[in-house]
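First subunit A sits with subunit B, and in the next complex the same chain sits with subunit C.
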Partner chain A sequence: MRTELNLIGKPVSRHDAWAKAKGDQLFSDDWSMPGMLFGKVLRSKYPAAVLKRIDTKKAEELPGVKAVLTAKDVPVNEDVTKFGQMRDVGGGFEGLYRVLASGRIRSKSEAIALVAAESPETAEEALKLIEVDYEVLEGVFDPREALKEGAYSVTGDGCGNVIMRTKICDGNIEEAFKKCDVIVENDYETTPNEHAYLETEGGMGWIDENGVITLRVGTQVLEHYRTIAKVLGLPHNKVRNIGVPVGGGFGGKEDITVEMYIALLVQKTGRPVKMVWSREESIESHSKRHPEYLHYKTGATKDGKILAQEVSIVMDGGSYTYLTPWVQMYSTFAAPGCYKIPNVSVKSVSAFTNNTFNSANRGFGAPQVNFASERQMDEIAARLNLDPVELRRRNVLHDGDRLPSGHVPRGHIALKELLDKVNKELNRSSKPDRLPDGRKVGRALALGHMVYGRLNFLHDSSRVSIRLELDGSVTLRAGVPDLGGGQASVLAQIVAEELGLEIEDVHPYIMDTHLTPLCGTTTATRQLYMSGNAALKAAVQMKEKILEKASALSGCPVNMLALKNRKVYSVIEPETISIPFVDVIKHLSNDGEVLENIAQFNAPFTEVPDLNDIKGELNPDITYTCHGVELAVDEQTGKIELLRVIAAADAGRVINRNSCEGQLEGGCVYHAWWPTMEDLKQENGITMANSFSTYLIPTAADVPDIESILIESGGGLGPYGAKGIGEPADNSIAPAVVNAIRDAIGVGFNKMTVTPEKILNAVLSFKNKE
Partner chain B sequence: MGHADVNIKINGENRKFTCEAHISLLRLLRDNYYYDVKCGCEKGDCGTCTVFLDGKAVKSCVTLAAACDGHEVWTIKGLGGSDALAEKLQKAFVECGAVQCGFCTPGMIVAGLEYLKKGGRADRNAIRKAISGNLCRCTGYVKIVDAIFKTAREVESEVSE
Partner chain C sequence: MNTMIIEQEFEYVKPGSLFEALDILAQTNNVKIYAGGTDLIVKLKTSGINMDAMMDINGIPELSELTASGGNGLVIGSAVKLSRIEKHPAVKSNYSALFEALMSMASVSVRNMGTLGGNLANASPAADTAGPVICYKGILELMSRSGIREVPAEDFFISSGVSAIRPDELLTRIKLPAVNKNTGAKFIKTGRVKSDIAKVSFTVVIEREGSKIKSCRAAAGSAAAKPVYLRTVSESLKGRIMTRELITETVDRIAGIIEPIDDQRTTAEYRKELIKVIAADAFSKAWSLSGGKLI
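This part shows the complex of A and B:
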């Protein structure tokens, strides 16, 4: 019988918080082994070139060098990209994965050779002794250029630079535009921001006594062990990753990073190998968010009803395919925005360039189109002389509305509630035109929608195992990479809730490909939804067994029994019928019952859609957000200050309140300065801003206290009606900031990065016009 | 390259090292398995390697190891076991949800502790300034400020009692 929830929704402390606060938590770099070697990577000197010759002789002869590997030493140097999915999707979704460079070099981050040596200094020295001859090529660094006839071929296959083209259409766009009173057309550009996790990529590997290549590497995708096995020419069961709590991922540790290089060097040397990337190597070498070039044409009636929207998107995929087609699906799907628009056309194309490859970054293609579509809303409102909030209110999606792909979202659509709540909070006092110090004040908000759960055609699944111990504690096993979002402790919380235990009674053992059931990737805001449901299922099944035994022991019917405070008790006579949890476990054990249970949860399954006309449901459900911003603009310097930031989301159901708020706040700050400060300064394939003194991310002094608003509609597909929050949390803040700048100075910016110089120039030219 | 003999009192224990003269305090600590001191950038930009040197919070990656000869270093592990205020702050970090991935946490707690030890008040803006040399990419800083604020409040109420 269901009683009141004990733990769900509470701000419970995570199982690993003390270890992290005390400094006991060992991350990727915090490990060493006797006889270990140090691995280093030689990267390309040029972003576009042909590799003519590599001579490793001098490097090999350097005392202390134990291995120098190039492409010819890799058993299987080329494969297709996989991201932990249990199903081969094929088609355009799997691109070339090349371990070490051979032939044509596509970016400056490309790995040319690997070295293992007795010390990091020796390995570094050996890199300098590797002789490489390049034929330098011109390259192409802008996807719009790359798509032109006769453009430089990034892959060299002469088949053009297109990675994928796709579209979503609904209604009749041409006819609809004829009926519109106003048509607003704008070009938008978003920049390739950096994940900037505090822990760079790193880890260790060794070969165990039975020939298993064993890794201790933090990753978002434990399932990469399969690709590692293939590249090494080993069966899948001969590669094991004992994952490490990840010091931040945000999508940047979704692609293979150090683990492949470590595994190859371990296989070659037979010695333990450690590899850790410097901050500069990390920023220069891992993926970035796709820069997008967007054109929006939107038509509305004079009473503010949007009738038609035409969007074209050009995405920079960078040097290799990786997750580009997947990200493109998300961008294409989310491009129409949070509104019911009867006539829509979204066409997108992604292209190879010689920039560092672009792949997953928190939000996965949604924040780019969200920036453009929510900026567009404020421009339409200005044209109609209508309050931007009112324009949104008149067009926002509601339950039961059909999206342009024909997909009717399964969960609750809370956009209207979020809009009203944030608007009320943001405007609780009337807005001053200026602060006492003379700075101009701006206020604005933006809505967002982003899916959680992977693309349905990947046929996603997760498994979680629980084992009842004879003292009444529980061991939970789950191959869930914990990135810091509390992905593991929330599973323990769910199991404790169902079994009437305290969270500390359930110990999670996580992330070991040989010992934990595979939970799938910590990506796509899927772990609470997928593994949370698997944990819930495992616990509910176990609970049934416990209640049946307690019923047999007490004579009380099962449906009159409940679990709470480490007891099974009768809800009718809790004083008289109450059996300690541990006693029931002992009886189950005496009777030879299985005390372990593994349960699997499957997401909805669909087939790969027709990319020329995407129809139907792409992902299981959507999380909705709204951000409100009040900022000040200094007209003398162009500098902005965020005065108030309101972050709101429908979490469906909050499981761990601290973790949920933490995602909402952290996600918001993750993108609060994306449009105005974070700039990698990529020039012709070279990342100029490769440190935290040149690539600036917000400090505590750059942001005010985030005012969180969490709605709990119960309308999610996760356990207890929860929705995913991790990635949607960084959606809709960026356009809110830029819309607030527009509100302050009357100039709307459509192209990132909106630097103080640009703001100052805009202020000056705006004043001149007046 | 030259070597240096370095005597440092680390977490209350006198240690003697012979290290390369040019290495940082961070390298010295990590080479000797003080893995509670994290390395995030080695440029003094991120603050993950913050430790106490003679009672002052420093970024150990831009502190020369040899220059610490004869001085005293406290890392998060040592502080947690011996300093009541540090333990109070750690507890606040855990309870406030200020710990997410945890990589910035040791350095962040040392930075927060320095603020409190210098008599920092329960003032959110002052706390934000005090920890602005320590980056965190997960939390958005709200709950970190909560934890330091809460501890400052507790200290203030103890003083007034």
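This part shows the complex of A and C:
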């Protein structure tokens, strides 16, 4: 019988909280082994070139060097890009994955050779001894240029630089524009940004006592072991990743990073090998968020009803396909915004360039279009002389509304509640025009919507196992990479809740490809939804068994029994009928019952849509957010200061309040400075800002208190009605910031990066015009 | 480049006395001084340094002393950590502009390592403490086997990365003379985030006599190839009655004098705009701290 929830929704301490707070937690770089070698990657000097010749002789002769590998030494150097899916999708989705460069080099920092040596210094020296002859080519660095007729061919196959084209259409856009009183057209540009995790990519590997290539590498996708096995020419059961808690991922550790190189060097040398990237190597070589060039044309009636929206998107995919087509699906899907618009056309195209490849970054294609569509709303409101909040109120999606693809979201749509709550909090006192020190004050908000759970046509699934121990504790096994978001702890919390235990009674063993059931990737804001449901299913099935046994022991019917405080008790006579949890386990064991249970949860399955006319449900459900910002703009210097940030989301159901608020706050910090400060300064394929002294991110000293508002509609598809929160948490903050700048000084910025220098120029020219 | 290791080979020495340190400097070529390492180690990793030996001065007792001197003056050993200086009560009360500069620097962890001596001897145009030390008439004591030189801070900086220190000399102490009463001071810096190197910084120390400026010293950071003492502007203000108009006129002059560059952090043009704003702010705040009223 379901009683009141004991742990769910509470601010529970995570199982690993103390270890992390005290610095006891071991991360990738903390592991070592006797006889360990140090691996290092030689990377291309040029963003566009042909690799003419590599001579590794001098490097191999350097004392202490144990292996130098180039493309010819890799058993299977080319495969298609996978990221943990259980199903081959094919089509244009899976591009070339090349381990080491051969032929045409597509970006600076592309891996050319690998070295393993007795010390990091020797490995570094060996890299300098590798002779590489390049034929430098012109390259192309802007996707709009790359799409032109006769543009430089990034792949060299002469088939143009298009990665993928997609389209979503609904209604009749041409006719609808004729009925509009105002039409607002703008170009938007978003910049690539760096994930900036604390821990750079790293890990180690060795051959274990059974001849298995064993890795201890932090990753978001344990399932890359399959690609590693293929590249090494081994069966899947001969490559194992034990995983380590990840010091931040944000999508940057979704693609293969060090694990392939380590595995190759271990296979070649037979020795343990460690590889950790420096901050500069990490920033220069891992993926970035896709820069997008967006054109929005929106038509509305004079009473503020949006009738039509036409969007075109050009995405920079960078040097290789990686996750570009998937990100593009998200951008295309989210482009119309949070509104019920009867006539919509979204066309998107992604292109290869010679920039660092672009791939997953928290939000996965949604933040770019969310920035543009929410900026667009404030521009329409200004044109109609209407309050931007009121314009949103008149157009937001409600339960039962159909999206342009024809899909009706399964979960609750809380946009109206979020809008009203944030608006009320933001304007709880009237806005001063200026602060006492003379700075102008701006206030604005923005809505956001982002899916959680993978694309349905990936046929996603997750498995979790629990084992009852004879002392009444529980061992939970789940192949869930924990990125610091509490992805593992939440599973223990769910199992503890269902079995009437405390969270410390459930110990999670996580992220081992061959000893824990595979949970799928920690990406797509899917772990709570997918693995949470699998854990819930495993626990509920086990609970039934426990209650049946307790019923037999007590004579009390099963539906009158409940689990709480480490006891099975009768809800009618809790004083007289109460059996310690551990005693029931002992009875189950004596009677030869299986004390272990693995359960699998499957997401909805659909087929790959027609990319020229996308219809139907792409993802299972959507999380909605709203961000409110109050900021000050110094008109003399162009400097902005965030004064207040309000972050609101419909979490469906909060599982761990600490973690959920942490995600909301982290999301704000992650993206509040994306439009105004973070700048990689990419120049012709070279990342100039490759360290934290040149690529600045805010520190705690820059961030104001963030006020969190969590709505719990119960309308999610996760356990207890939860929705995913990880990525949606960063989605609507960026447009809220830029909208607030517009509110303060009357100038709307559509192209990132909105620096103080640009704001000052805008203020000066705005004043001149007046 | 691999910033996880130091590739360069060098000798590391850690003298236990000033005598020993000066001997090493006299006898060894290409010695780099390690005080806090917050710049030196980064440079070693990123670009390498022409250096045969690294001399760690943290074992020399005199250089880690922070003492009050005549009146309310202060003598700061060159290896004293920035965080220790910022916590000294006399710094906050008597040298508020220096205190503000220290608090604006990097992060707590970097200030726990970095030193005042290092920040000055590194001779970066952006050195935050340079402006306050110049404006408080700081004297830098340079010692070698052949003797002691005392160099006024305003003459210490030659160009970016180059100071008045000779290869055989060691910066040993920074002496800040007593501050007269009716003095107000202000340091203002603008960065991209709170923990950043300055786009521009400005320091002013004003001594007031009634409604007149008795003396004034102003300096600008990240505004030229070195930290600059704005001598002519400072001297021209002597004896003037402080007014808003005077501030406006002065900051326009300053914007005309400085020679900033375009770099990673901002543009020369923006720096010229920015310095007018922060200098005007600094002048009016320093004047008010000196007890003066702005008319």
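Couple of notes before you dig in:
The rule is short, and it goes like this: the second predicted complex is superposed on the first by the 770 of 770 C-alpha atoms of A that agree within 3 Å, B and C clash if a C-alpha of one lies under 4 Å from a C-alpha of the other, contacts with A are read in each partner's own complex, and residues count from 1 in each chain.
By definition in this document, contacts are C-beta pairs under 8 Å (C-beta built on N, C-alpha and C of every residue); 3 or more make two chains touch, one makes a residue touch a chain.
Keep in mind that this is a model prediction, so the values were computed, not measured.
By the touch criterion defined above, A:662 lies against subunit B but remains apart from subunit C after alignment on the C-alpha atoms of chain A. Of the two partner chains placed by superposition, only subunit B is touched by A:20; subunit C is not.
The larger set of touched subunit A residues comes from B, when the choice is between subunit B and subunit C. In the superposed model, A:699 lies in contact with both subunit B and subunit C.
Within the superposed three-chain model, A:689 lies in touch with subunit C and out of touch with subunit B [touch as defined at top]. After overlaying the two complexes on the shared chain, residue contacts for A:712 are found with neither subunit B nor subunit C.
Looking at the shared chain after the overlay, A:281 reaches subunit C, while subunit B stays out of its contact range.
Of the two partner chains placed around the shared chain by superposition, subunit C is the only one that A:637 touches, whereas subunit B remains out of contact.
In the superposed model, A:484 makes contact with subunit B only, not with subunit C. Counting contacts as defined above, subunit A residues 278-279, 691, 693, 697, 699, 701-702 meet subunit B in one complex and subunit C in the other.
Residue ranges of subunit C in contact with subunit A, taken from their complex: 1-5, 7, 42, 107, 190, 192-197, 264, 266-267, 270, 273-274, 277-278.
Of all residues in subunit A, only 11, 13-14, 16-27, 29-32, 195-200, 245-248, 250, 278-279, 483-486, 657-659, 661-662, 665-670, 691-693, 697, 699-703, 705-706, 708 touch subunit B in the complex they form. Taken together, the subunit A residues at the contact with subunit C in this complex read 40, 120-121, 124-125, 276, 278-281, 634, 636-637, 639, 677, 681, 688-689, 691, 693-694, 696-699, 701-702, 756-757, 760. Every residue of subunit B that touches subunit A in the complex is listed here, in rising order: 30, 33, 35-43, 45-46, 48, 75-77, 80, 90-91, 93-97, 99-106, 109, 124, 127-129, 131-145.
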